[in-house]
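Each of the next two complexes has subunit A plus one more chain, namely subunit B in the first and subunit C in the second.
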Partner chain A sequence: MTTTEMMTLKTEPFVLNFGPVHPSTHGVYRMRATLDGEVILDIEPVVGYLHRGIEKLAEERTFSGFIPLTDRLDYISPMSNNLAYCLAVEKLAGIKIPERGEYLRVIMAELQRLANHCVAVGSFLNDCGAYYTPFMYTFREREKIVDLFDMVCGQRLTYNYMRIGGVSQDIPEEFLPALKKLVKQLARFIEEYERLLKQNEILLARTKGVGILSRETAINCGISGPVARASGVAWDLRKADSYSVYDRFQFDIPVGEAGDSYDRYRVRIEEMRQSLRIIEQAMKDVPGGPVRAELPHLIRPPRGEAYGHLEAPKGELGFYIVSDGSIAPYRCHIRPTSLINLSALREMVKGWKVADLIAIFGSIDITMGEVDR
Partner chain B sequence: MTQVYAVKDLAARLEERFPGSLEESDGDSLVVRAGSLLAVMAYLKDTVGLEFDYLNYITAVDYYSYFEVVYQLTSLTHNHTVVVKTRCQGRNNPSVPSVTGLWGGADFQEREIYDLMGIGFKGHPNLKRIFLWEGFPGHPLRKDFVP
Partner chain C sequence: MTFWPGNYWWHWLFYAAVIIVFVLLMVMGAIYFERRGLGRMQSRLGPNRTGPFGLLQPVADAVKVLLKENLVPDKADKLVHWLAPVVAFAPVLMIFAVIPFQNGALLADLNIGILFIVAVSSVATIGVFMAGWGSSNKYSLLGAMRNVAAVVSYEMPLALSVVATVLVAGTMSMNGIVQGQTIPYILLQPLGFLIFFAAGCAEINRSPFDLMEADQELVAGFHTEYSGMKFAMFYLVEYAEAIAISAIITTLFLSGWKGPWLTPWLWFIIKVFVVFFLMIWTRATFPRVRIDQLMAFAWKFLFPLALINLFVTAAQVLVWPDGLPWYVIFINFAIMGILILAWSKLFKLGLGRSEV
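For the complex of A and B:
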């Protein structure tokens, strides 16, 4: 081939399909990536493979009968989903929760955050190419948290533990000693994990400066949770719109600067430390008394609407509920953290290589159950 | 704690700035006429002192005689929040203006409402069904939907 011929050669963009069944897509997410060679020009997300119509199902169930379905939203952190829904109904009906119930809620929600971040950082490193070794470490620790959940509610994945007005049952005697032990173990584990990975050269090369999400874009796209905080948005609903008894505990909000994949990873690790701090304070003074308010079997909130939200492990999770005074919600909208956090993915991956797409996508931490609902 | 912005004050300011833009403002939310929605939203987003820069969520409710589209806005600077609503009549192709130009996060949520509730968003760059496939009969979240 002559040089002149080479000069006139053109590359052509082509479409590569990721998923819905692909090891990197965390479920049944699908992307249609337009590539120029290995460089990403654009991506188009295709969702809906796990759509079960949960918002419609809510309209045919009683207020408390909907709680088990919330487990199926973000199935990595069902405790937070339960709690967000209960907070919304309690706001609508003006229900007060006994102190002991509030403390148990905080402990469970923070344990859930730890369990979620274990999965999040494990699968993120998986996506970075550290195939399954870090995942095994984090799953080993998550297992211990799941054992505690099993102890309080008899379930390992779909807990259905929160109730409108409190929690379903009191903790058994052996729970608090086991929790104490676990907190110590987890603190050690985070240090160990950090030693292995904080300065790991491969991790740094794959994530430092990759997939930058600017502060402005994060706010404009409604991004929340660790992803937004890694971009410098110091916004955590546990402090900004404090709910339950979070205002009684000391903790910090870890914030990143660069907004790259590495910062998102770091923020999650730091949040795990803060969660341990909250649990340590909470378990010291769990008050006695009932764990659940006395309520009629069928709850009929007055006509009206309410939006209850909380800082779920992935970001702001909220329920907008409209009541017409009957035993079932007239409308129940779920603010899907995972779906909204994907809004900025397109901006984040443009210009990066295919392998980076996987790592950037992994650093957002989504669950398809919540994207599709 | 996030403060709910006093709707009365806001309604008075809006009535002065955009006469006739409000349909109703009692209770906890502003009900804006669809025609003035974009102007009001831009005002809420960019005015110093209000700066509602964060769109929490968009959703829609079917009240049989009309659809209500609900927006919750929060200011991360001032930590206050407000609920803005707009209504559209008619069950055949109701539509409201799209706010994707103001908040990028509205993109998927408006597509979701279009898909499940059948409300169009004028000016949306890529308005097509998001969860269900093209050709799916009807919009499941409508109250008169029969599977």
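For the complex of A and C:
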């Protein structure tokens, strides 16, 4: 045996299972990671542990009866799911929504974006190892937003607020003052998150240049939402294919450059500020009038198909609905944001360490309810 | 010598009992302190249901964990798995043997006290590695490997910063070091204090260097497969080590039991908790570093700084052989500032992507 042969230890890669039950896979995601010591050679995602057949269930329900089930998709942001489905059905049936309904929808959707990004940022920083402090801080603010939702629809998690043709009920009198107060507070709280960790050396070392998603890969994989925007793709459906009354508001699309974990975190924080801007404009001129179009109890959209999509907090969420003229969809397909955003994970984590796997995974921000449907 | 009850063996028996009771009580205090402190920092209450202000929470925790079933994995190395908590716990208790609670009140006033601590404290690592290996769990093994790597690397800057303090004090006896501190050595050795604190945190796996438990990636690290009494032992070790490092810092840098008005041992406990509070504070704030960054921080940042600190201190001791004058405080703070700034500019924590 030569000296070099004696010096080189024989090593071999081993397989480590992350999940389905693991503290930071955000649900029941499973990764079979092939590791060389601490370095990730490859990961093999395994999904489907939370499959509930929601697309099939849609065929068994009436058009409006499916709305509560959309709450269970991305349970971090049910308002957006409600809205995306309603947009699809309204497109199919050609329903016009009253002004007040449109404004309420925008306010709720943007509040939902704030709540979702609170969870996303908090759990991402937690995944980087900050022991629950950012998590508790962001959940403190999410709680206030959830209180507002509770005020309008009586629910704290599965809101079931949007209806085909508007929203389920008008807002109570105390809602707008409470919203005004919250918007004022939130701007300050976002500053607080920033002060806590924005320039922290360890966070920069852990996230800057880590898990880079190139612009090309982002486009090729169909990535959308903050993840795509952090990679420099200025694609936001609120502007690219404006729906509801978003064309009336002024807001910017924050775009990152490097496409690393840090940019994804920055883009989310910036989006929270933009959402506040939209809410401020929207609540100033909420018109009076009905909140819901006069529609029969059972909607029978004409034969045909429609695809309604919106900019959900996590990216493009779409519902593709085929109607055969009956009271239930003939087929309903959901374009899940989380699943498609996850498809780039393998490219992003290769060659990084085990700790980075968790941080990169956290920076994508997924909900298993939506991945597995 | 005050506090010298009876003959040799009575002394040993008495202080052995004192140390065990002290460590257990301090650990309970630390657990309560940490959970409440973290709660306050994270805008929540922390435990407040058991007893007044939740003071009995550590007792409740202990009872709960003692009543739990003791699970041993099927493929585990039973003997190693069983022995690991003991091996990890014994050295921590031994550290307290040379720590003075007040003047002369310690189990053994070794004239190589600090050397004894440096030697004994690393033995706990063997216990941790036994736990990682004996569990036959990949998470545990990864955590244990990380721990060994961290401890081996951080021993260097830790020992070097201790050597600088010993140079200033002119003795290795822990009691002697405290007696020598007319001004706390944190003022004469600010850089040494920071290095010791950072390296100490890494040795005992406190955040931001708590890689061996890294609950986000490794579930619970080396004690993933432990439950019941054996888990309680590791929990105890974790906090006893934190208390031990706080006590060593108190003795080396914060003039130990010295202080006005209060009785010495009270001063000692107060100072230990102040240092422990710093650890809670960093835990509540910082994200965790990665394993390669941990290594880089030890070898590229702390180690050279500790070496320079040692040389500077040695030169100062040469220039002023009869004890350092007070204006050295300003010189040393200036040196610390310049060195840290310079190194922060030169040195970035590694990016660490490997080509696959």
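To be clear about the criterion, the second predicted complex is superposed on the first by the 365 of 373 C-alpha atoms of A that agree within 3 Å, B and C clash if a C-alpha of one lies under 4 Å from a C-alpha of the other, contacts with A are read in each partner's own complex, and residues count from 1 in each chain.
Heads up, the rule we're going with is that contacts are C-beta pairs under 8 Å (C-beta built on N, C-alpha and C of every residue); 3 or more make two chains touch, one makes a residue touch a chain.
Remember, predicted model here, so these are calculated numbers, not experimental data.
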item: First (subunit B), second (subunit C), both or neither touched by A:322; value: first
item: First, second, both or neither for A:210, with subunit B first and subunit C second; value: second
item: Contacts of A:202 with subunit B and subunit C, given as first, second, both or neither; value: second
item: Subunit B versus subunit C as contact partner of A:344, first or second or both or neither; value: first
item: First, second, both or neither for A:157, with subunit B first and subunit C second; value: neither
item: Partner chain(s) touched by A:355 [first = subunit B, second = subunit C, both, neither]; value: second
item: Touching both subunit B and subunit C, residues of subunit A; value: none
item: Touching residues on subunit B, where the partner in the complex is subunit A; value: 1-2, 53-57, 59, 61-62, 70, 72, 76, 79, 83, 103-109, 112, 116, 129-133, 140-141
item: In the complex with subunit B, residue positions of subunit A that touch it; value: 47-48, 51, 53, 55-56, 217, 219-223, 233, 235, 240-242, 307, 309, 316, 318, 320, 322, 330-331, 333, 335, 339-340, 342-344, 372
item: Subunit A contact footprint on subunit C (complex, rising order); value: 38, 41-44, 138-139, 142, 207-208, 210-211, 214-219, 283-293, 348-356
item: Residue ranges of subunit A in contact with subunit C within the complex; value: 14, 16, 22-24, 38-42, 125-133, 136-137, 140, 196-197, 200-203, 205-206, 209-210, 350-358
